[in-house]
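Labels for the chains are A, B and C, by order of writing; each one numbers its residues from 1.
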Amino acid sequence: MAHEFRLPDIGEGLTEATVVRWLVPVGGAVALDQPIVELETDKAVVDIPAPHAGFVLHHGAAEGATLPVGAILVVIGEQGESWSATATAPRRAEVKAAAPIVGNLEEAPDGDDDRFKALPLVRRLAASMGVDLAGVTGTGPGGRVTREDVEAAVGGAGPVERVRMSPTRLAIARNLTRSWQEIPHVTTFGSADASGILSERSRIGEASGRQIPLEAILMVAIAPLLAEYPSFNASVEGETLVLRKYYDLGFAVETAEGLMVAVVRGVPGRSIEEVSVDIVELAAAARERTIAREDMRGATFTLSNIGAVGGGHGTPIIPYGTTAILSVGRAAEQPVVRDGKIAIGRQMPLSLSYDHRVVDGALGREFLGAVIAAIEVRG
Amino acid sequence: MTEMNMAQALNDALDVALSADDRVVLLGEDIGVTGGVFRVTDGLHERYGPRVIDTPVAESGIVGAAFGMAIGGLRPVAEIQFLGFAYPAFDQIVSHVGRIRNRSNHRFTAPLVIRIPFGGGIGAAEHHSESSEAIFVHTPGIKVVAPATPADAKGLLLAAIIDSDPVVFLEPIRVYRAIKEEVPEGHYTVPIGEAKVVREGSDVTLVSYGAMLRDAGRAADALEADGVSVELIDLRTLSPMDHQTVVGSARKTGRVVAVVEGHRTASLASEIAAVVQEQALYSLLAPVERVTGWDTVVPLRRTEHHYIPNPDRIAAAARRTLAG
Amino acid sequence: MDMLRILDVDGSLIGESPVDLNEARRLFAAMVTARVYDRKGSALQRQGRFATYAQFEGQEAAQIGAVAALRPDDWLVGTYRDAAAMWMQGYPWDALLLGRMGDERGGAPPVGVNVLPPSITVGGHMIHAVGLAWAERMKGTDRIALTLFGDGATSEGDFHEAMNFAAVYTTPTVFLCQNNGWAISMSRAGQTASETIAQKADAYGMPGVLVDGNDLFAVLTATRKAVRRARAGEGPTLVEALTYRIGPHTTSDDAGRYRSDDDIADWRKKDPIERLRAHLRSAGAWDEAWERETEEAASAEIEAAVSRAEALEPFAAEGMFDRMYAKPTGALEAQRRLQQGDAS
C-alpha cells in the first residue's frame, strides 16, 4: 500500500520548505526512520526520516524546488507499486495585494441613527404591536422613543395617564392576587334583621359615651360561632388544615392607600366596649399610616363592613392565610315576612366568602345561618 | 515595494530603525547570532554588532534592563520569545514600565518596545500558544499593538519605536509566514491608535485583530456568498482602542461581532461590546456577539482546534445577529 | 573548583565505582534505551507526529546517573529535556509520548510515580521541589525531591528564590544542574560570569559540587551523597553536572547558526554511553550482541508505545471544559453549550 507523506510544519509556524537533496532516489529502498530527504526551511536545514519502510515511489518536488506545508513530499510503498497523484489541497502562504485602507470612518455619523432611538425593550414592544419606530416621535430623554410613545402610536385608545402604584397598593395587589389565584372562593349570600343590633349599638353608645362600631358587636356575636365551626377560623398550609384555637378577628379599614385589615386580639370573653376601643384606635392608626405591622398580621377571621359606603352584597376576597371573610352591607328597610305577615324590617346584607377546599357549600350556608341567628338575637 | 511575509517586514523595520537612529538597541534571548527563534532579527547582529544583544534566560531582567536603558535615553526594543514566557517580566511591566511617567510626574519616561509573539495554531508546546493580550490592555500606562499584515507590522513597529510611551508589540505567530504582501521600502509609520476598515459593508460589522483577522475575513467571504454585506475592522492597536471606527461602524450596520482568540471573560471582545453598547445602543439591532477562545488553558496540539475560533464559528455568530 | 570524575574519558576507572558490575550493566542498558527513545522522538517530529521535541543526546549519564540515586518514591521535578530521567523514575513511555504529541494525558503519570509533568517554561519549577520536599518533611516522611534544570535556568530570578528557600529552611532538596553548555544559542560563558555554577551554592549556604556529567559513576556518586544528606535532614545540595547538548535546542532550532561542528566532535569523544561501554568491555561485562539486543528490545517497546499513543482517541472538545476546575463553573458550562451549538 502506498503511503503519501505530506510535508508537516516542522518548525512552529513554517509554511514551506525547499528540497536541498534527495537521500533516497525514486525506486530506492528505505528503512523506518531512515533519512530520506534534506530540506531547508526559514529556520534550519533538516533531514526528514521515512515514516514507513518500503520503496520510494515518488518525490514530491525536485531538488531546489519549494513545497508548501501539506503538499505530498514523498510516497513510499511496495517495490514496483504504481501510484498516481490525486487532488491535493496544500496549505500555501497567501499572497495578496496590500489591503487597501478604506478609511478610518472620519465620516462616521456622530450620533445614533434616529430611526432606532429606542431601547431594545421598546423595540420588541413596537415589533409585537406592529408599530414602525421610524414613524414614532420620541418624547423620552434626548428624543428617545418610550413605551408610551409606542402605545400611543397604536392609535384609537385615547389619552391615558400612567401612575406608578404606591408600595402599599402594590402590596395589596400582590396579596389579593395570591389569594385569588390560590384559594377557590365560594360566596354565600344572606341577610339579617338588624333592628336589634342597631338599637343595642345606640344603647351601649349612649350609656358609655363612646363610639361603638358595628364591627365590635358583630365580633362579639360571631366569635363564639367560630369555636363551633372551626374550619372558618383556620388556614391551609400545604396539605394540612390548621384549626386555630384562638380568635383574633380582622376588620377592613378604608384608607387613602386602599383597604387594610387590622386585627383585634382575643375577642371571646371581652366586652363590646373593650373591643370598640381597640377597633377605633386601630382604624385611626391605619388611616394615619402609624399602625404597627404586627397589628395587621395574623387575623383568623375577617369582617368587612362596607355599610359606610352603602353597599349591598359583594364577593369579598379571603385574606391570604385564612379561610373565610364576612362582608356586611348597610341595613335598609325592606319588606320581610314575620309571623306570616309582611312587615318592614331593617335588613342587613351579608356575604360570606369561604375557602371551598375546606368548606362545602352546605356547611357554608349553615354557618351563615348561625351568623344571622346570632345577629337577630341581639337587642 | 517588496513582497514580504510578516517576519521579513518586521526584520526590515528593525533594520531601518537601527540604521536611522543610534539610540535603538535590541535585546532578548537568542536574537543575536541565531536571529531569534522566529528569525525576526536575522542578520541584524552581523550588521549592528553590540546594539543587538543576546541576553541570559531572564525575562524580568530583559524588560527591567530595557526599562533602565529607556529612561537613560536609549530606544530599546526588547524581545520575549513567546507570550507564555512574558509572565516573569510582568512585575516589571506593571509595577515599573507602566508607571514611571505617572510616579515621576513626566520627569522620567520609558519609551521602550517589548516585542512578543502571541497566539496559537501552530501545534507548539504548552505556554507557546497564549493569547492573554487582555492582561496588558488592562495595564495602565502602556500601549498595546497587534498587527495582522506585513505592511502594517512594519509601519506600526516603526511607530512604536518613535512613540514617547512604552508599547507592548504583539506579533501573531501563525501569521509570521502565512501572508505575503507588498511592503513599502524605507521608513514609514502606521499611526498607533487607528483601526483599519479592511472591507466595507452594511449588514454586520466584524471587529478583530492579529491572527484572527484572517479567519474573520474568511467568515466574511462565506457570509458575502450568502448575500450578507460585511464590514471588517482590524483594530491594529488594542490600547488605546479606536472607538470612533468601531462605534461608527456599529451605528452603520447595527450588528457587531467581536472576534478574539483570547479567553472569553474580560477579553478584548468584552471591551468592544461595552464600548458599542455605551455609544451605539440605539443603533443596535441585535446583541453584540463575542467569538472568543474559552476560559480554559489552550489545549495542546491534538485538540487545540477546539479552542481557537474558526470561520464557521464567526459566521454562525454573525448569522445570529441577523436572525432577530 | 575540582571536578569529580570516576571514569576517565577513555573509560578507565580512576576512582571508586559506586555500583557493582550488574548494576553498571543495568544503568548502561537504561542509557542505551533512553537514546533509542531520543532518536525516535526526533524522527516523530520530522514526520509531523510530534510537536516540537527537545533532544537530550549526550546527557544520558547526567539523567540516568542522578535518578539512580533516588528511591522509587522520591520526587522528581524536571524539564522538557529530561525524558530519560523521568522514565528512569517510573514515568511511562506512553505518557512521555502523549505529552509530545500534544495530549494532556501525557502530564498524568500513574499514581505512585512521584514525577511532575515536565516544566516547559524555564526556571519556575525548581522552587516546586523545595515545596514538595518541605511538605514531605512536615508530613514526617524521609522522601526527598530532586530537581533538574539547565545552565540557562540559573539566570532566572526563580533560581535565586529556590536556592535561598531551600537553604534557609534546610529542605531535603537536591538541585541538579545539567550544564550542557547552551541555552538555545547562549553559551554558558554568556550566561553567567561565575567560573562554575556549582560555586553559586556557596553564597546560599549549601554545598556545591562539580562533577563530570558524562561520567555516570561521578554523577551517581555525587547525587547519592546529596540525597543522603537531604534524607538525613541536613539540607539541600547543588550538583553541577558538566555535560553537552549534542543536538540543537529543539527540532525548531538550527544550532549551526551559533556553534561549530568541531565543538560537537570534541564532545562526542566524551560520549557517556561509549565511556561506560569501554569500562564494561574491559571488565568483561559487555558484548556487542547484548547491546544490540538491548537496543532492539528498547525499540520494540517504544514502537509499541507509539502505536498505543497514536491509537488513543484525542479528547472530545468538551474535555477542555472539564479540566479547569473540580466542577466546571457556570461560565464554562455556558461556553460548553455555545461551543457545541457552534459545532453542530
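Here, contacts are C-beta pairs under 8 Å (C-beta built on N, C-alpha and C of every residue); 3 or more make two chains touch, one makes a residue touch a chain.
Bear in mind that the values here come from a model prediction, so they are computed numbers and not experimental data.
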| item | value |
| --- | --- |
| Graph class of chain-chain contacts, one of line, ring, star, complete, other | complete |
| Pair exhibiting more inter-chain C-beta contacts, A-B or A-C | A-B |
| Most central chain, judged by mean C-alpha position against the global CA mean | B |
| Rounded Å distance, subunit B centre to subunit C centre (Cα mean) | 36 |
| Whole-Å separation of chain centres (CA-atom averages), subunit A against subunit B | 45 |
| Length of the line joining the C-alpha centres of subunit A and subunit C, rounded to whole Å | 62 |
| Two or more partner chains touched - positions in subunit B | 37, 123-124, 128 |
| Sites on subunit C at which at least two other chains make contact | 52, 252-254 |
| Contacts with 2+ other chains: residues of subunit A | 9, 12, 43 |
| Sites on subunit B touched by subunit A in the complex | 1, 3, 5, 7, 37-39, 122-124, 128, 149, 151, 173-174, 176-183, 194-200, 214, 242, 244-245, 247-249, 251-252, 254, 280-285 |
| Contact footprint of subunit B on subunit C as seen in their complex | 51-52, 80, 99, 101-104, 106, 120-124, 152-153, 155-158, 183-186, 190-192, 252-254, 257-258, 314-315, 317, 319-321, 323-324, 329, 331-332, 335, 339, 342 |
| Sites on subunit A touched by subunit C in the complex | 5-6, 8-12, 33, 43-49, 51 |
| Residues of subunit C that touch subunit A when the two form their complex | 39-40, 42-43, 45-49, 52, 248, 251-254, 256 |
| In the complex with subunit B, residue positions of subunit A that touch it | 9, 12-16, 42-43, 93-99, 101-106, 108-109, 111-113, 116-120, 144 |
